[in-house]
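A, B and C label the chains in the order they appear, each numbered from 1.
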Amino acid sequence: MFESYLRNVFEKAPLIHCITNYVTINDVANVLLACGGSPIMADDGEDAVEITSICNGLVINIGTLNNCTIPTMFNTGKRANELSHPVILDPVGVGASKIRTDVTFKLLEEVKFSVIRGNISEIKTIYQGTGRTKGVDADASDAVTEKHLDETIAWAKQLSHNTGAIIAITGAIDIVTDANTTYIIRNGHPMMSKVSGTGCMLAAVIAAYCAANPDNHLEATATAVCVMGLAGELAYDRLVKNDGGTSSYRTYLIDAISKLDAETLKGGMKIESR
Amino acid sequence: MFESYLRNVFEKAPLIHCITNYVTINDVANVLLACGGSPIMADDGEDAVEITSICNGLVINIGTLNNCTIPTMFNTGKRANELSHPVILDPVGVGASKIRTDVTFKLLEEVKFSVIRGNISEIKTIYQGTGRTKGVDADASDAVTEKHLDETIAWAKQLSHNTGAIIAITGAIDIVTDANTTYIIRNGHPMMSKVSGTGCMLAAVIAAYCAANPDNHLEATATAVCVMGLAGELAYDRLVKNDGGTSSYRTYLIDAISKLDAETLKGGMKIESR
Amino acid sequence: MFESYLRNVFEKAPLIHCITNYVTINDVANVLLACGGSPIMADDGEDAVEITSICNGLVINIGTLNNCTIPTMFNTGKRANELSHPVILDPVGVGASKIRTDVTFKLLEEVKFSVIRGNISEIKTIYQGTGRTKGVDADASDAVTEKHLDETIAWAKQLSHNTGAIIAITGAIDIVTDANTTYIIRNGHPMMSKVSGTGCMLAAVIAAYCAANPDNHLEATATAVCVMGLAGELAYDRLVKNDGGTSSYRTYLIDAISKLDAETLKGGMKIESR
């Protein structure tokens, strides 16, 4: 089943509009090409709504939000909703500043998101309606462990119920859930946290998977999370052989996504449903 | 002949001012260093015109145009014209939104461009005075094939006549033409379309080649197109040996440009004139 | 002694707020992760001051300054001063345009910098109170040579005295000085000038080293300069083995920083004090 979602992305080559931070925007563009999609970036008020209209999905990443891009996030989100395009929210650093928190909650009121992807601290901030995240990385004290897994799934399901969005919490253990069904994914490698933007990249890959698999957003999202995690494992294997560091790892990660076929994905997914 | 244009870039190290999209801006900077030039980026109203004045050439790439950068494109373009610097237009996504189309046509009225570089869909939009491009990639139905080659050259020549600019249409077959002479280039590799920004990079390389070869813009542009295409071939050879993916390919592409010497270029160019 | 500064960065993982140009911002983020720190980027007026407050250090790089980010540089700089965070100035292209020069001198009046890092042309512009730099690269005629070394150190010390900041002049020979003590560093490789942003990356690494070593900013800065230079040498060794070009070199440079341990640093530092 899951591997067919990968094939659909390569076959349909969905065009994904990204309003994303300019720190990792190039990796986001390249990872979209690597996974079988196609990127387009536009965040100017006049330009962006039209661009959304010719696309198949939208990513809103608030990593370097500013006065120009904030209104664009709302306008493109609403336009994508009208067109029934999947819209993915990546609430980078929500809880770390008032404006990030305010924009996130206002977006959740005015735009219907298909998926919200964040680290545990970000998603917890959204669930609790308030929070103090440490920056753009998850707080170690928040980490999803086997011990807190059931508890985390319970509030993630509740958040999905409240927002109508699939919730994707990514970290050492990944959780992808709607109000009913949860996927727990144990792919990935700690080295991924040493590359800036693996979360941003994943949000874009999720958008491509949802756009190419419109009838199964939950499973498409879970597959995208597996793709990124498995690529992180394959990249690490290659890193060890080549004696590289964090920048080689970044290259190998995107390489692995570009080379991943359905067979390898099927054999490498570490996923269970609850 | 052509190889001397390469030598001139390395000898003169022209300083190229780029007003370019922030998706691929880092690759643009690095490819300019790789090809023998030197990059400087500035798009603030007050800053940019002064920066243009100390440079040897200007690239205007509309990929992520916005309210701040649009006036800067006009002001720097006019200043570069006053100084007789080569000015290259890369009309990314023209036809995909009203503002991209409007800005492109207004730029063509107010700034004299030495070269306009785009994919076939973008250049066709400019020629027809209107168009609906699919995004930032060429529409497959527009692709330049051997069958349509003569026809494409005919209207590209006409567009060069109308605008006074050299027209560079890049894709599987590249066309570089002024109103009289056309170069057809068959270097390159399909893998180049899996890296974001190869077109943006080429526009910057063209600027460096024109700045370093002021008396032969047409041949300098054709050479730059060969350099990029041949680098794409050399990068692919290396990719196969190293079993890499799309991100390694990006690295190898810029590597190949940095290592390309006049001899290799001479031996590898697939160019004919008509 | 010096190697303990490296260990402190990996142990404390300081969070560094960067207001930096969007040309090399991704490399700056990744080099911070590689050296043991953690990056966060924010330059919007409302967002940035709050983000500074949760960080351990601040970098102000004027490479692509604009009307939105200039006020943010002042506000975050003052906030970081209130919190006694180290603040690093990277005056990219000061002297190349009026606004770059004006902003730099106004920042020096209103913000207390721990370290000012630039190439010789940029730092000379600041010392002389005026200047015409050639762009963002040092003018060859300014190059620090053994012959001018004593003279350069003398005015760099004076500039440190005038500004209260440590002065880091980087090039073939690096000088790190306060009003009393000077370190001369001969690590590095000419190939580093073929990668865009090695200076920007170094400014961020200096910030991480100062934040993790609050009692020894001078030695921490000198160590950071050695780390970058030694990484440049190690990257070159690897480049030769792998027959790569400038883009591989960029990857190897960040790789080398991520893999550098205290032992290798101790053995490889080419540093003397005067």
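Throughout what follows, a residue touches a chain if its C-beta (ideal position, glycine included) is under 8 Å from a C-beta of that chain, and two chains touch if they have at least 3 such contacts.
Quantities reported herein were computed from a predicted structural model and do not represent experimental measurements.
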Angle, in degrees to the nearest 5, of the Cα rotation that carries chain A onto chain B: 120
Same or different contact residues where chain C meets its copy chain B, judged by the half mark: different
Chain centre separation in whole Å, for chain C relative to chain B (CA means): 33
Contacts with 2+ other chains: residues of chain A: 22, 26, 68, 250-251
Chain A contact footprint on chain B (complex, rising order): 21-24, 26-27, 63-68, 93, 96-100, 134-137, 193-197, 244-248, 250-251
Complex interface listing, chain A residues touching chain B: 15, 22, 25-26, 29-30, 33-34, 38-47, 50-51, 54-55, 68, 250-259
